[in-house]
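The following pair of complexes shares a single chain, subunit A, combined with subunit B in the former and subunit C in the latter.
Right, the complex of A and B next:
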């Protein structure tokens, strides 16, 4: 880690967004991760996405568990809300926070260990509930904080830094999420911000649970030859299936798309994602097709990226539970706590 | 774009904006670091290598370095480079043991005409090589314009004397009161080479109606300053008009205030954006309540009963286009401004009545000698020109550099070598890495604002002509100002084949100067950078193709603050912070015997 923090001096001609902030206003503290960590690039992409969406920084809540990935909320959106929870328990905290205040943008940052091992039970249920949040898995295939053991996301045949081979099959969070009914599933790569930033923007604006599995190489323990989660391997086996362009509500779709290749999907707030088919067999609005393609590509050893599955029609948690549309913090005290008489009436129903 | 060729010293030199802008290429960041470490003597000697007069220039340099300073592009104000130079001069120890000494005689004699900065610079470089040097000076004192035209409240006489003496002490023969009346006569003496450093000694005239009648109250600026400097003039009228708005005009108005004037107006024909005076000289004059009046064009001198009583000006109006150029002008009226005296400070010319026209020294249509811009040799072999005498009035630091270059030419000429085959600039790059995230320079960005120069109070400073107005930075103030230097000589050096394209450097760069993208031509690349590159005078540093994606790393050098974070966050040490040292050859680098310099 650097001994100094990033100087506050900025480029004198740095652009400002619709609410007058520069990208620097969306940054956080100085990273203490290893130099070159993929997670820092994800942080950079999050900063860029939040800046481009012109969302005020205090409208975000950042949630995380334990691990290298879970440290990163300290490195972006310094003026936002946040909760660094226990290992694997971020989904519960996110669910609780979202229940109390449905108006914030929730960003959960987790890793392959935090989500696919210790937190797997929490992970699957937050998907089932369709909590309105963006859930990021910074996936590097190893436990970096404990010096590089294989994680549950490590590919079969991938080699550890000291040479041993992983013999167990990986859990693919994207396939898992689609089978569980997730309504927005994407995969990105920390080394490709051109792809990742629009995915993050679309994920933040998606209504319901959005998962982005981000291949985010561990430079210290998993960036060697033989690793299937290194920068070089990911670039070599990178297969962009569906590209996504994010178009904010007020703007027209200006880019020209080839006939039949572009598929605009309108999001809940009026913005649009234009999906561009790169892989012609892939239909990201068809669950069966998406799953089949993901499995076939995985068999072929490819890292399929892009917006893999989207369904804007499903109700999110608050709609299913028919909860109040007002965040609890904005309700009158008498509404949140209707008093002893009301409590007695309710209790009498169960006697 | 093709990968940037950093083996050419020009590339990294240009990144060090201050050093690049300095005519003598003084190693500014290096001496500022020495000052930061309290090594004032070393800072002084490093300065002296390039600019010869650190004490003088630390007060009155025209400072081309400061407008160039990168800090001025990142924030509003550049580093106070000039004032820091003075700190080194003010706080140094005795340097006599460190100064160059006269070399063993080589039997060659060189005549230097004029004892100003250009000739002194030639002497400084040639004396250690064993030349027998004779300076001919028409006045009875040395220093030329530095003494006669720069008022002593800006440049104390003791500072001037001390630094000139350092050069004369190398066995240079000084002949004062010896104006050269005939170049032909001088050439007939047994000098092996002649250097002309006579400056631009003739102030421009303003021939308007009334000029002759009012002659006793109208002065030519540089002549008047000279007569004040030598105490021939000790007073001036109450109301004084200065015509012209260059640096000489600033010296004239401030000197007038010290000789008894109480209302001094500087009359400018054009708006402020067109002033020739440096901003800081304007500020200093305005601090002393000098009125600077724009858009007044002189029309005539008003003479009543044989005495100057005022001056008539035409009121001007200008149309200025988007590029700041005047495209039209008109006179909208007239006004008369009363005055007792007028000082003309509208420019200077060279004057060579003493150079015969039939001795092989050609003059151009402006009566200026034709001189080679690299060798400073005139059309007659063995006769060299430098300083204001050659390409018109510039400033001291340009004259010093002319002197350095002319000295090289004279040395080569006296050795019978081709004077056009000169040593190229060289460079040295050394890593400043001291350990993990530790560098041998102060890399963190210090957001302090420019330190203000303390001045003698307005009440005190007019008491006597020679009270130096600027007090100089104390070592404590200097310690704050040095931290503002961005260390632009500590270069970001990139090794493309080590890069794994993790984006760490791009994410951490506080001023967004890095981009990884597909290659293209320069105009195209400039539109695709992380932050818009509007300063086209600053280069793009383009890498070779990166191993994984065949894209390229591009750095816009414009506002890099040299904080080292790109190198600290790089997992593969593809970025390194390397100290760049320019080697700008001087006479002493012409080693004996001359090496073969065939270009392969």
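Right, the complex of A and C next:
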């Protein structure tokens, strides 16, 4: 159960990152999810990504909604503040927290139910505002925690465990996000950590709103024959369109990519994502092209993955609002209270 | 109530929405104020942008009675659609002014009042070429008429005009012309002044005229709020307008233009509430203004804030319910829904300001209480306080004030302690230590609306759950020593009392004065906060008969008193006003008369 904390024994041989922490320092409490649940693999990838970026653990804030997926912030980054909010409402809490302190790394964890049904309103608006955060949808096509009802991400024709067929079209969070002006949109698979970790790192470093829709199978309610969100189905239909490698600021970009196939995109802090086009039609810096390809691939029954769209040029929420660079929480009271003299001047207009 | 006389009268202007009458009426009110005469101004406007009827009531009262009196001495009937209603509204012996450009409507006859005609449209048509200007100037012209009828100082009006149109010479000229037209016509054709009129006095120095939403927004700036999130809803919208205005005035870096505040127009009230919880959790002082429907939507998050102990300040500018109700009419009908908003055993700290002056200080107190008690605090204002212009005592800010951030530990505090546990009561007042993200690894904790134990970990254990919810109940008791106590006005000789709340205050005080003149002494207690502290119980204990005056149908304040305190059912008598208009002094007097008569009859 989650209130058992994992023993934090230090292994002398574990490698340390640039700030002297081991991967263990980025872990959290013991998971209470079903053995084999995709969400646990995402947790593992998050731990790895945060460790590799050498970000001090307390500089993260992790937030979530409600669902099996939304429980996972308890299982990584034990030295970070966590906020397990209400169902579908994580985006607003993250927006508020970010407005108060713009300097933290915000990781939002949600489920397909949490984001695409009850939370759809907040999901679309957090994108519009370009809140600087990494938003993960751990997408299993069902409501895991309430025992397997179809979610709005379930594909048409996908079969529930008890045999019922889903007749409604799915909402694709990636297409939705690109349409709404999201500035970083990717899709991953909990079963492919090698692909996921660099995407997570790039998403954390991206300035503005970053979405990663992660196919994360529910072994208990949606991993059977006939489900389009099972491990087997996802592996079979997995289509890697754009591979992304994350290169931190100081490092040279290794020249092992074929000329023309690689496209470096510089992030705000000086790090770089090197995009490697696998699908030659796909241009992840062109919204229209990205959308068209996503739609065509979806029609063909493919699960398109990789970094699907990126735009580093858009201002995030605080830049749009021209908020002071000092996080609002760190302002002194004297900087925000105008004092009695000013009050008396203001009052003269009310006589 | 008392007979109209010098500096004791009420004028009501009937108009159609969208004709620009608001500024003319405001000017009339302010000119009385500048003459040193205490004034009340109340705007009864429709939920509509153009066309529906609107009224503005101005009361002058040298004695300082600033509730609605319950009688109209002069009706300015500018809207033919409401003639019938407006005619009936005039007190016997009163006056009705109409636009006599056209023949008098057959409906406009009443034997016991005087009807005055002034050809306002005709005058405007003759003097102003532009159609829109004619409509606007008709309003200004009736101000000129009233100035003549009531001896309002023309110089004061002209001064106000020159301030308002300092940068618009053509409009200034038009306005002055319209005032003169109305004034001169009246002086030439009618008997002036009326038996009641205005005279320069000295009762308004050290006072301002402001609405409660503006002062609440200003209070948030002074209290150091840096994050405001909201979804527009009448009658609360102007709180954020005010906050934004004063922030831009005082919190914008003159060189960089950077803002030391963040205002987010949310997608709905659920989001607005989530945003301020997020911002408060991250350490900012954050607030959201809303009204009843918004509170309904915020309920889930309000319960979350209560259980996870996150400070937050919510202004509920109450309007007429249930449901959408009458959005532009006033009521105090969210007392219950705010006290217990959300499922489960949830209860919230409430503040009840009575006027704009108290709204300013209530903002400061609400943030201090929220931080100190680590819980959402709801300030229950209402449309009457929030949107009407009130005369109130000058605001003052103590420059030595430091915000009470409660048990908030920042990085330097965390350095000094061994370990931190979010929900552990270390000193017995049931309030625990709090940290903000980003400061220090030692401060990390996990906020969850699900069951948690005193170390902040997930639990489904019965005993651990009880430790937390029982402590929350003890914290409620602690809250009683922090919230403001009631305002009292008592004499030992009286054994009848009135308990009231918020914007009923002026009407109740005037009623108590009137009943006192009849020889009935009444003690008064105005509730300023929930939970009720010991003084509230004491007041109830020492009075045999108590009237509870409030503006809702279901006696919500009375019910809350009965729920929370030791009260004998027959001790409290309801006096309920809930038609959407602000309560009048005469309503309270009449209700008490009726009740006393009942006692005599029995």
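Annotations for the structure displayed:
Criterion: the second predicted complex is superposed on the first by the 322 of 351 C-alpha atoms of A that agree within 3 Å, B and C clash if a C-alpha of one lies under 4 Å from a C-alpha of the other, contacts with A are read in each partner's own complex, and residues count from 1 in each chain.
The working rule: a residue touches a chain if its C-beta (ideal position, glycine included) is under 8 Å from a C-beta of that chain, and two chains touch if they have at least 3 such contacts.
What you see is a predicted model; the values in this text were computed from it and never measured.
Of the two partner chains placed around the shared chain by superposition, subunit C is the only one that A:340 touches, whereas subunit B remains out of contact.
In the superposition on chain A, A:34 makes contact with subunit B only, not with subunit C. Between subunit B and subunit C, C contacts the larger number of subunit A residues. Residue contacts after overlaying the shared chain place A:261 against neither subunit B nor subunit C.
In the superposition on chain A, contact is made by A:86 with subunit C only, not with subunit B. Annotation: subunit A residues 1-3 touch subunit B in one complex and subunit C in the other. Of all the residues in subunit A, the ones that touch subunit C in their complex are 1-3, 29, 56-61, 63, 73-74, 78-86, 89, 91-101, 103-104, 121-122, 125, 129, 318, 321-325, 327-329, 331, 333, 335-340, 342-343, 346-347, 350-351. Within the complex formed with subunit A, the subunit B residues making contact are 73-75, 437-438, 443-445, 447, 500-504, 506-508, 510-513, 531-532, 534, 548-549, 559, 561, 563, 565, 568-572.
Looking at the complex, you find that subunit A touches subunit B at residues 1-4, 6-15, 24, 31, 34-38, 40-41, 43-44, 190-191, 193, 217, 219, 223, 231-232, 235. Across the complex, subunit C meets subunit A through its residues 33-34, 207-210, 218, 221-224, 226-227, 229, 246, 249-251, 253, 257-264, 266-268, 270-284, 286, 300-301, 304, 394-399, 401-403, 435-441, 443-450, 453, 457-459.
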